[in-house]
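Lettered A, B, C, D and E in written order, each chain numbered from 1.
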Amino acid sequence: MNRPFGTTILDTAFRYMVPFIMVYGVYVLLHGEYSPGGGFQAGALLAIAVVLTRLVQGREAVFDMKGDTAIILAGLGTLIYAGLGVLTVIWGGNFLDYAAIPLDLHAKELRPLGILVIEVGVTICVMGVIIAIYDALTRKDDDI
Amino acid sequence: MRILSMVFSIMLLGLLMFGSLGLPLIGDKDSPAAEHVSPRYIEKAYKETGSPNLVTAVLADYRSYDTLGETTVIFIAGAATILILRTAAGRKNAEGGSDE
Amino acid sequence: MNELLSNIIYFLIAVLFVFGLYGMLDKRNFMKKLMAMNIMQISVIIFFLALGQKLDATLPILVHGLEGVDQYVNPLPHALMLTAIVVSLSTTGVALALLLRIQDRYEDLEEPEILRGMDK
Amino acid sequence: MSQHYPVLTVIIPLIAALVAPLAAYLSKGLVRVVSITAVFAALLTSMAALVRALTDGTWHYVFAGWAPPWGIEYVIDPLSGGITVLITFIGFMVAIYGLPFLKEETWLKQGLHYALYLLIISGLLGMVSTGDLFNLYVFLEISSLATYGLIASGGYRSTVAAFRYLIIGTAGASFYLLGIGYLYGVTGTLNMADMAERLQPIMDSPAVIIGLVLIFIGLGLKMALFPMHGWLPDAYTFAPPAVIPFVAGVATKVPAYVLLRMFFYIVGAGSGPVPAILTVIGWVAALGIILGSVMAIAQSDFRRMLAYSSVAQVGYIALGFAIGNTYGLIGAVLHIFNHAIMKSCLFLVAGGVKWRTGQHSISRYLELSGRMPLTMGAFAIAAMSMVGLPPTAGFFSKWYLVLGAINAGKWPFVVVIILSSLLNAVYFFRVIENSFLKKSAGGKQVLKDRLKTKKGLWELPVAMLIPIVVLGVGILLLGIFNEQIVSQVLQYTLPGGGQ
Amino acid sequence: MEYGMDYRPLWAVLVSLIAAGLIMLSGRRPNLREFWTIIAAVAKIVIVFSMLPVVLVGQVIELAPLEIAKGVSLYLRVDAMGMIFAALASFLWLVTSFYSIGYMRADKAKHQTGYFASFAICLSATMGIAFAGNLLTFFIFYEILTIATYPLVVHKRDREAIKGGRKYLAYTLIAGQLMLIAIIWIQVIAGGSDFQAGGFLAGTASDGALRVIAVLMLIGTGVKAGIMPLHGWLPSAMVAPTPVSALLHAVAVVKAGAFGVLRVVGFVFGPQLFDEIGAATALAWIAAFTIIVSSLIAMRQDNLKRRLAFSTIGQLSYVVLGAALVTPLGLLGGMYHIVAHAFMKITLFFCAGAIHVTTHKDNISEMKGIGKRMPFTMAAFTIGSLGIAGLPLIVGFISKWNLALGALQRGQGIFVAVLIGSALLATTYLIPVGQMAFFTTSKKFPKIGEARLDMLIPLCLTASIAIVLGIFPDAGAHFYQLAVNSAQEIFNNSSLTMGGGW
């Protein structure tokens, strides 16, 4: 067993904490329009869930994400953001003009949708980056 | 050198203080910053973007392009960190710490 | 009185900024330089937030029954500074990664030692 | 699609950067194709944007459908369009050039390298295109952070160089942001055009004066204006050769361009504290030109010599601003173009020589002209351009600068410019003598010659040779057709119509 | 006037530039390389001489193919004065090319590709200087000439050559930069810098400013022309191969400087203004000083090429003196001396080179009796020497006669004395070489062994031209007529009759 902090208390606490953290992260993401919060915070929370797993269960954690995957993910997260911009251009609006999204909705409803999409992108990016950095910091030279 | 940086810092302090004399008072409701661009955000943001959180409205809609840049900065931070920590660390063993 | 108070806050921000700058110029330890740099960035962030402040106004999230421009603080500096905070965070992150590498190689973070190590 | 060219120019490299890690993971070849295609596409769109700006005049692109000053806008006029073309062109050339250096690296390193490289390009393009002061800061940080990361990937010494660059660069950005804060405090806007309007009545406010001073310090740090150049020599010396030609060529020019925008378009050269600041800039730049050149003479490492020469050359640009009349500005802007191409070319040569011989010391440039004729030919052209000999590009920026200085009656600047070109001659002809004339005394075995083992290759890999030759020829063409650039690109945009 | 229609001047410039490119490309094949040189030289002659009839009847061919800086065009203008220089240079290039091929092959020199390419670029620049219609154009080609000459000077690539090259660059670059200041200054005060017969600077600035400009311009052009004390590079540059020296001294480089002085005096300042600000007198005295002192130094040189170099310094100052006299006949004499000196000095250098290649002798003291071995060469050498000394019936006399008349026209007989004194000195430093060659005997050179034919023919050709022109000054390319035309143009004076007293 290669668990840095593998004690029963930690294991148990962690098992109950992680789902809450993740749900809270999603809540912060979705609720960002109404109260302080948004993609950055949500991303950090989601990443913490992964990092916590790694801290408690060590490198053999089941719920794990490799640094390589994480940085690719971070890129793709930002790509959601930029991609939405490109899509709005293709749909005939200006860059990042959410009103151009071709759904049969009023601009006032389209805009929150656009905000949500980019917040998702931000969340994924932040999560990916934090995990990737954590991975890079804890990685040993022989893992490369 | 120490004296020089001290002198420079004090000079800059003086400049900054001098400059702040021209700034509006803190909390002033009639300051240019409160009167020129921001009223529209407060008055219309909810109508226009559907977001009652004005900061989010500005961040993610009015100035969403800035936020794209911001997200990109985070991505860069991740990419740069990995590039510095991982790929360079690999060379340490491979080339015995070549400096070139 | 208000005027004086107002200027004092600007002065304090200026002092903070200059502290940061002085630390960057004067300290020989890279870690301290980095911290000084952070102080400098934070002072700028506070400065912007101070600019967006309004007396007797609440935070910029709309509440029912509270309307009018004067009721909410200026949201623009907040939005800007969120970006600036993230930028500052990213910069610090990259800088720390660099410091890790430097520590690895030169086993020191004091500038003169490192420069001596570089010349070897 | 055509109305979106300004944003596409910036966003295509950015998107390519975001997918670069994935592309590299899938295949190492893919990431190269994606990156180079992206830069090429950006080159095309920037040229199209420039053409449209030339025919239809200044071009405003509004983001997200929110009109400025509430939203962000891009402003493409012939000048900013011209500089975006310059950036994408050099970016494209250096992207091709970097291929052989990265061929044998791991996918991760390649992916991240290209991601950061594309982001530098994207950040610089964003800085040039934008019409919003805070957006400019964001893109400034994008390009700077990516630059720190890439410079640090060059080895151990480069991490130290990158760290110092990071500290100083971030300080510069903080200064800039604080300056923007002062201006925002008294105008309430961040849009450049709007601010220009709102600044006029309050030009003598202390906040405006100090704000502009802070912005000047911030940009001065970023453009390595003497005496704020401390970060530059190490950063340029230890950075990886696949990227430094681009950074050295363009990264200091864009802050210079922003300074031009700031002082001559937003504030106005004659108003407020600008004349006083410009006077200071002039003397500081003059000092920097001389000291930078003298320091360059003292160097034995080729890249370090080029780095100090950059400090001097940035001084030329600042001197042009300080001269302040139309000819001075033409000279400064033309020198932004010229020096970008010249310095990129020189660093390309430096990288090529390193590739071939593994050396950077000037004393090891012996007899290279025989082994690498095209490279050293390009070097000779670039060196002559740096000295300012006709008909290369460098001569013409000198011509305009001296013309402006004499017109303005600023004789000390004339002396500085002329003296500096003679100093340039000293250190460049030293290298020319080494590589073309002197013979190595039995030291041949010391030089490692990578290509001797690989038969069938000529001088350098073709991917490296093409950019070197193109930029070398470019210097000549830029010199011969500089008037086209002046009258087409610069004239309409310069304050006073370029009369 | 065919403004912008006639592209011949541009082609005259470009043809050797193109040749330079082709030469570099065919570096591995000597025959092809030399073929390009010859082709380009012939083409250049054809182009230049096809413009001769137009210029002779007083017309000017103008061409401004592109604007090269804001408000300033790359402006080519073929007038009488430029034509003299261009015709001379293009003709001598062909001769020198043949000679070079022979010399380089006989000498088994290395780096011949670079040599021929630089040579071609030099000629291109010379054409540009001759046809330049404004100061910027002039300066651009002037600097190209500086740079293109550098590889020729350092051709041997040994320590001495590099040192000579450094010295050459230091002098010419500094001077070039000073001239640049003057040119830009002129651009500012006059609003343009198009050459104009009789000058265009009058009344544009105070006398003081104009004096400074004059000094800067004269430093710029004077360095190449070897006016003392700016002559230091010339003897050092003697390390170059002999055809280069011939080119440097007789055809392109130094003549470009002398030509520049004439242009500045005649077409920028105008003789009258130049005289008024006192520059003429000063320059005349400097030239006179140079003439005498360089002759004195030349007498003490043992190395033949160095002696010729100092002789060149002196002879060029004749041209400068001609300009400085600011009289029609003086200018006429100066201009014609460009031609006269070119043929005489190139003959002398060709001879020196032939001697070097054939016998490997460089010092005069070793040449006793060499006339026995190389009679044709030494005969040509003697003709050249006599011409330099100003003997009638050789071309040098024509120009000196006119110079003397010019000095009298100005009322400064003292310069006539200088001319005569210098002629006497020339007899003491050059003629003894010929005398030594023919009238002393030495065991070293027992039998006849002439230089290779491809070297001998050019030098005999130039020597005979020196004589022909001495008898019929207007023969061939009508150099004399052109000089007269140009002097008339500058002084706006038709009274100047052809013949000038000869």
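Convention: a residue touches a chain if its C-beta (ideal position, glycine included) is under 8 Å from a C-beta of that chain, and two chains touch if they have at least 3 such contacts.
Keep in mind that this is a model prediction, so the values were computed, not measured.
Student: As a teaching exercise, work out the groups of chains that remain connected by touching when chain B is ignored.
Tutor: Contact components excluding chain B, positions unchanged: one piece.
Student: Going by the touch criterion stated earlier, list every chain that contacts chain A and also contacts chain C.
Tutor: Where chain A and chain C share a partner, that partner set is B, D.
Student: Let me check something: if the centre of a chain is the mean of its CA atoms, which chain is farthest from chain A?
Tutor: E
Student: By CA centroid distance, what chain is farthest from chain B?
Tutor: The most remote chain is E.
Student: Specify the chain with the shortest distance from its C-alpha centroid to the centroid of every protein C-alpha atom present.
Tutor: Central by C-alpha mean position: chain D.
Student: Can you work out the whole-Å distance between the CA centroids of chain C and chain D?
Tutor: Computed from C-alpha means, the inter-chain centre distance equals 28 Å.
Student: For chain D and chain E, let me know how many angstrom lie between their CA-based centres, rounded off.
Tutor: Using C-alpha averages as centres, the distance is 43 Å.
Student: Could you put a whole-Å number on the gap between the CA centroids of chain C and chain E?
Tutor: 69
Student: Nearest whole angstrom, what separates the Cα centre of chain B from the Cα centre of chain E?
Tutor: Using C-alpha averages as centres, the distance is 66 Å.
Student: Mind pulling the chain E residues that touch 2 or more other chains?
Tutor: Residue numbers touching two or more other chains: none in chain E.
Student: Quick one: which residues in chain C touch 2 or more of the other chains?
Tutor: Residues 17, 21, 51, 61, 76-77, 80, 82-83, 86-87, 90-91, 93-94, 97-98, 100-101, 105, 118.
Student: Among the residues of chain D, pick out those that touch two or more other chains and give their numbers.
Tutor: Expected reply: 14, 17-18, 21, 63-64, 108, 112, 115, 134, 138, 141, 145, 148-149, 152, 156-157, 159, 184-185, 190.
Student: Which two-chain combinations qualify as touching?
Tutor: Those chain pairs which touch are A-B, A-C, A-D, B-C, B-D, C-D, D-E.
Student: Which residues of chain A touch chain C in the complex?
Tutor: 34-36, 40, 133, 136-137
Student: For the complex, give me every residue of chain B touching chain A.
Tutor: Result: residues 47-53, 55-57, 59-61, 64-65, 67-68, 71-72, 74-75, 77-79, 81-82, 85-86, 89-90, 92-93 of chain B touch chain A.
Student: Give the list of chain D residues in touch with chain B in this complex.
Tutor: 14, 17-18, 21, 63-64, 66, 69-72, 105-106, 108-109, 112-113, 115-116, 119, 122, 126, 134-135, 138-139, 141-142, 145-146, 148-150, 152-153, 155-157, 159, 182, 184-190, 198, 202, 205-211, 213-214, 238, 360
Student: What residues of chain B sit close enough to touch chain D in their complex?
Tutor: Touch residues, chain B against chain D: 15-16, 18-24, 31-38, 40-41, 61-66, 69-70, 72-73, 75-77, 79-84, 86-88, 90-91, 97-100.
Student: Of all residues in chain C, which touch chain A in the complex?
Tutor: Contacts found on chain C: 59, 61, 82, 86, 93, 97, 100.
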